[in-house]
Amino acid sequence: MTLVQNFPFFSIILAMFSGILSSVLSGKQARNLSLAALVATMVMSAAVLAYCLGAGESYTYMMGHFPAPWGNEIRAGVLEGLTALLFSMIMLLSVAGGMRYTFEDVEASKVNLFFIMIDLMLSSLLALIYTNDLFTAYVFVEINTIAGCGLIMIRQKGRSFSAAIRYMIMSQLGSGLFLIGLTLLYDVTGHLLMSPAKAAVAAIEAAGSYEIPMLVILAVISVGLAIKSGLYPFHSWIPYTYGYATPTASAILSGLVSKGYIFLLIKIFYRVLGQENVIASRMVNVLFLFGLAGMIMGSVHAIMETDTRRMIAYSSVAQIGYIYMGIGLGTENGMIAAVFHMFTHSATKALLFISAVGLYEVSGEKKDFRSLRGAGYRNHLAGIGFTVGALSMVGFPMLSGFISKLLFATAALQTPHKMMLTLIGLAVSTVLNAIYFLRLVITLYGRGEASQLRAQGTEEGLFGTGEASREAFSGRKSAPTVFGGAIICFILLNLFLGLMSQPVVRAIAAGLAMFD
Amino acid sequence: MEGNMILLLPVVLPVLAGITILTGKNLRKNRRMLLGVFFFGLTGGAFFTALALGGEYHLHLWQLTEYVGIDFQIDGVARLFAALTAVVWLLVGIYSVTYMTHEEDESRFFGFYLIVLGVLMGLDFSGNLITFYVFYELITLTSLPLVLHERSREAVAAGLKYLFYSIAGAFLALFGIFFFASVWGDLTFVPGGAEAVDLAGREGIFLAAVFCMVLGFGTKAGMFPLHGWLPTAHPVAPAPASAVLSGVITKSGVLALIRVVFFIAGPERLRGTWVQQGWIFLTLLTVFMGSMLAYREPVMKKRLAYSTVSQVSYVLFGLSLLEPTAFVGALSHVVFHSLAKNALFLAAGAVIFQTGWTRVDEMRGLGRVMPVMLGCYTAASLSLVGIPPASGFVSKWYLAQGALASGCGAWSWAGPVILLISALLTAGYLLPLTIDGFFPGADFDGGELKERELLGREPSWQMLAPVLVLAVAAVLFGCFPGPLLGMLQRIAEAVL
Amino acid sequence: MNQVLLCVPALLPLAGGMGLLCFGLFGRQAERDRREKGLFWYAAIITLANSLVLWWLIFRTGEGERFVLFRLYGELKVMFCLDKMGKVFAGMISVLWPLAVLYSFEYMKGEKRNVTFFSYYLMTYGVTAGIALSGNLMTLYLFYELLTLATFPLVLFPMTKEARRASRRYLYYSIGGAAFAFLGLVFVLTFSSTGNTVFLPGGILDLGKANARKNTLLFIYLLAFFGFGVKAVVFPCHRWLPLATVAPTPVTALLHAVAVVKSGAFAILRLTYFSFGTAFLRGSWAQWAVMAAAMATILYGSTMAVREAHWKRRLAYSTISNLSYILMASAMMSPLGLAAALCHMVAHAFMKICSFFCAGAVMHQTGKTYIYELDGLGRRMPVTFGCLTVASLSLIGIPVFAGFISKWSIAGAAFHCGMESLESFGKWGVLPFAAVAVLLYSALMTAMYMLTVVIRGYFPGRESTSRKALPSVSGTDLSEGQREEQPGGQDGNLDPGWNMLLPLVVFAVVILVLGLHSQPLTKLLTVIGGEAA
Amino acid sequence: MASHLLYNIEETVAMILFGIGFTMLLLHRNLIKKIMGMNVMDTAVYLFLAAKGYIQGRMVPIVTDGIQEASAYMNPVPSGLVLTGIVVSVSTTALMLALTIRLYERYHSLDLDEIFMQVKKEERS
């Protein structure tokens, strides 16, 4: 056993301990610790990824001294490593980008609590990614929920609480279903570790017994995780939670948390229930239809929304619809597309939330998107960041969204029955995306007739006096280096996924192959 | 470029002179110089026309696209039309020098007048359908300012109407041209039409194309259903312009149909088809309708315009029969109508110039004002009606004979009947002016004439002479039609 | 030849424009004002240099020379190549752009945000050149999307409410259209016999595979046609264009009459002849559907143009109908059809940009935007109206002007197609003949909407009151003679300065030359058509 | 069928309880009752797990009298899972109760609809 093989465990435990340690630290120290943990995780994930790519296979890591089927296990492969790397990277960037707002929004005495939640979130996400044990997954799902809830209500405002309670209730419904599902599974198979469970499932399927219980298990687990990840029509909590949290929290919640659950679902499909069984059960068709409905309805909701952040949140509903649609296609390529879109959406949505807040800051913190008129001139980087994110979501070539669209479409071509529906859905949803995202972009670069902007002297020149008006609006000196750095990194990440997608897609395919 | 450049001179010279008049700022101030240039263009054009008509020339000027060239050539039809155009233009040009003194912007009139002459010459000399079409469009555009000349609201509206009718017609015809270009390939005018074209399976589209061309080119000739512009546009123009518009430019539509039917499509392919039937029907309808409308019209120039509608369709009727005698009749009617109608319009213009009268009922006692002019008017009228010694009789005789010989079923006797009725109507709308003019009746005391000192105010010789020449020619051609008919017969033999 | 050069015309102006934009970010207003002069030289030099490179490439590039800039995903590469059809398009824009820049410099003088304007104007040059140079459908799609991005700031430029509305609609339509075009891209990629989306004359579909799913593919072709058709303003997707006339005239003229809309048409030509291939499409229901759509657009556009009183919007409607001439010709799916489509593409470019520039010159000099305000301007702006007359006659399709040549070839193609279709495809074969009828109807409408302008300019009605409202004509209605005696102020020449006039005159001359001496062009186009279909 | 249900009485009861809890959590407007529903739901799962782990006639899996073979004992894993599950559910319950207290302090109501209404009103003002 090499050192690298320990890294998944190390990263989980590191994140968790830094969270525990943070409870006795000051806010600034907690922040530094958190950032350090994130960077360390990133490095370790990269190392794991490199190791698995080099070895060409995955490995299981025994926790404690008992081998399977009794002990607890961690499993790391290419896909796990890649996901962990991207998640930790996006989380780092989100934390960095939203840093200033965190310190402004959160009471000084509670800043360290915020970072505890961040650390817990990281550790639970990593655990969801790496774990090979269903019950461990459940425990970390709950930890994840609690951390998410903490992130939402850290702002201590009425609507944060109400959003948190909504989130909590929906999450509990979801995790309740997930829990009963895995209990039933345990009942049927007698295993909680994924690999032996899968063997048992295969035996059951081969024997042809337990048909209905297996279907119930599949349905309950899928629905439970679908609720938690906000698949349409279980999306009602999304706009509240994403819309009202601090920017970092919004970015993390929309970008990563829901993806963690989807990753878990994919993992259960492949590693426990068997992808071919899932396809045979027609559960995929249900997911496909709901995904398609989400793609359209999410965008329709977003178009009707005027509050920018709720608009972005509704867009998440649509994007999650894309992912489920990809899963629902029921093919290898569909799954690859879904996983790729997971990454795309994480990177892009976090970018959108972070830059949106930068734009708000220079526009007087009003919710209506029309108040953002001309904000692109007052905060250039945020404007550019938002534009790039929006274009990526619309599927502009050279950005990541295009590649996922391409992957979805080519995958759809291999499924004759779902092809037309998928393609038309993709096209219509692109049009709808264009409508609300580009409306915002035009607002950003439209010159205000809003009289207060003119009063601030923003009408002078296209690029002039951004600084002055920003100060006038926010009343504080801005030092946006971290913020800008984060946005630039996000843009680069997006470009990377758009231009150099080949290795990523190959890694995803290899990772999925290792799942079996 | 190959061939004889002399064909180009009658086209280019008037156009250049016209452009000089239009652009030269000094010319507008110096009337003598203006007239000099004007007559230089006119006579030069006429001279070179005469020169060009003498020989069998051919000119390939320019290759427009790979398959389409600008070609000029001279044949019998070209000679007839070119000679007629040159003569009329010269005469009306002389007339207009005086007439235009009471209109504004005479330099513009002279300029466009010359340009139209050049373009008409180009039209007459065209050697293929594309060249023809080029000049056909140019005629519309360059003659437009003549119609618009008054620039009153009415004139502008009439001009636009003229423009759109003409262009619509041209495009309708263009459909046919497209067809012939893609099926015939070569659009050179060949007497009797191209022979070696296989139409198997394409008869329907062929006939549709020809019918489109008949309707389209018929527009300029004022044929129903696209005749509406003519009674609006001709009267608003200054009298010399109305004269040439009515007398010569309408004939470009006739020339177009001759070229299309007898030189491209081939009469043999059309004989007995629905296209011929339809065409005959339309011409007869137009003949009758034009006369009726003219009969009911009180304004002199409008009445003459309606008369043109009717008379030009005589020509088209003769063509539509696809029969040699009728063909000769038609071509001779081109000449006779042109002479007579120019004379009539110029006379009407002289009345306006001298007295300002426009309505026929105002003109009682005109014989006391300008007896010579009224005499010319009467001679031209007689010619148009077709009273035997005058020229109209000859052409109508040939038309009727051709109709009877054509073997077109009911049309061969319905045609002559309608021609006869129309002739009666023609007499009915033209001759009352003569009667009222010379014999105003017992109750007419001429008091108003005396008051305005109008008695015996014959217009100047520049205005009188052209009318006189035209009227006399219109009568004389009727007395000695031999040479002309002989020439026409040769043309008819070649194409039929 | 060094093949790397193939990507220069696309990237040089893009880089130049972006550089200018970043440069403009810094410094205060006063300083930026001082840079105004330099701005012109900067823009002019980059544009000229790019045009020279383009021409060098046009003469030097041989068949099959390709340059792969980078690999986007799998077989999807961003690849540049310059085949004959690309050369036609590239040649066209390389002539238009320098002149348009020249024009816009006077037009935009005094405008505060010239840096923005010229940087996006330059970028658009690069993107359009990219479209001309793209060697596969992927690259074309990429630049097609970039084109939307590069041009929408220009529509937004006036920053008025209408401009925002227009740019919004422009974006929605374009991106939405691209979404459908994308489906075409995916299908071509999947069904191609080469495994990629490269443009090859005659298309790259694997016919065996494609015929098995023929109806699906035809449906997708239709979707892609309408997707690219958004930029080519096909009927149901046309509504952005009349609104987009709020942009400054150089934008409306060059982009919304030439670069953008022609890119759409060019993309459709590429899609039809170089990706799907006419062998697959000819005689299918998709062909008739496409043809019918183009015909409907022509009817609609030309009729609406007659009804429109705003000059630039009228020209925009005219563009709508004229663009569909190109599409209609391309829908003939024959060698002649492609040649005719390209011919009209080139001819229309010059005619329409000339008319727009005339409209712009009048707007710039007198501020008049509606047709009924133009009475009598023909004498005051002789050069402008002369050029307008030439452009109008050409648009109508009067012989000796370029428009006639293109209409001639379109009608020829239609007849040819009709004759063949009648024999092979039964009753649908009538459609090409109807196409000719539509063409002629539209020509008549063109005469109405173009010539009324010209006639108003030259022959103002005598009673016209608006003539008195001319800036320097005093209240009395002067007769010709009197006005002659009062030179200067009363009858002053309102023609704009030389850098606006020069492009006008050049375009008018080009129209005439193309009309009279079209053989080199038509021969080249015939070769292209023969290869591709 | 009915005998099956009777034979597996624990499982049947667990499922019914789960349904009740789920419905309460989903549909009840009162926050406290929602939380109770959540607890009922969790407890039902524990009951189910415990019932699965219990094997009639075997001993508690604690080695006291030296019997080594596994067949003598019942399955210990579900019991462990129940314990873990209880920890988790206690912590989430605590969190939700804390949230409920904060909401009640702020809005003086436990009715979720009313709370949301007040939140909306607050936002608008």
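A, B, C and D are the chain letters, set down in written order, and residue numbers restart from 1 in every chain.
Criterion: a residue touches a chain if its C-beta (ideal position, glycine included) is under 8 Å from a C-beta of that chain, and two chains touch if they have at least 3 such contacts.
In this text, all values refer to a predicted model and were calculated from it rather than measured experimentally.
Colleague: Starting from the Cα centroid of chain D, hunt down the chain whose centroid lies farthest away.
Modeller: B
Colleague: Express in whole angstrom the distance between the two chain centres, defined as the mean CA positions of chain A and chain B.
Modeller: Spacing between the chain centres: roughly 83 Å.
Colleague: Based only on mean CA positions, could you tell me how far chain B sits from chain C in angstrom?
Modeller: So the centroids are 43 Å from each other.
Colleague: Report the inter-chain centroid distance for chain C and chain D in whole angstrom, where each centroid is the mean of the CA atoms.
Modeller: The computed centroid separation for chain C versus chain D comes out at 68 Å.
Colleague: List, in ascending order, every residue of chain A touching at least 2 other chains.
Modeller: Residues of chain A touching two or more partner chains: there are none.
Colleague: Specify, in ascending order, the residues of chain D that touch 2 or more different other chains.
Modeller: As it turns out, chain D has no residue touching two or more other chains.
Colleague: Among line, ring, star, complete and other, which best matches the way these chains touch?
Modeller: Topology of the interface graph: linear, an open chain of contacts.
Colleague: Every touching chain pair, please?
Modeller: Pairs of chains that touch one another: A-C, A-D, B-C.
Colleague: Per the contact definition, I'd like the list of chain C residues that touch chain A in the complex.
Modeller: 24-26, 28-29, 32, 70-74, 76, 112-113, 115-116, 138, 141-142, 145-146, 149, 152-153, 156, 159, 161, 164, 167-168, 171-172, 175-176, 178-180, 182-183, 186-187, 189-190, 216, 220, 223
Colleague: Can you list the residues on chain B that touch chain C in the complex?
Modeller: Residue list for chain B touching chain C: 25, 28-29, 62-66, 68, 104-105, 130, 133-134, 137-138, 141, 144-145, 148, 150-153, 156, 159-160, 163-164, 167-168, 171-172, 174-175, 178-179, 181-183, 201-202, 205.
Colleague: Tell me, which parts of chain D touch chain A in their complex?
Modeller: The touching residues are 18, 21-22, 25-26, 31, 34, 38, 41-42, 44-45, 48-49, 52, 77-78, 81, 84-85, 88, 91-92, 95-96, 99-100, 102-103, 106-107, 112, 115-116, 118-119, 122-123.
Colleague: Which bits of chain A are touching chain C when the two form their complex?
Modeller: Residue list for chain A touching chain C: 380, 391, 394-398, 403, 405-406, 409-410, 413, 419-420, 423, 426-428, 430-431, 434-435, 438-439, 441-442, 445-447, 449, 460-464, 498-499, 501-502, 505.
Colleague: Mind listing the chain A positions that touch chain D in their complex?
Modeller: 135, 138-139, 142, 145-146, 149, 153, 158-159, 161-162, 164-165, 168-169, 172-173, 176-177, 179-180, 183, 186-187, 192
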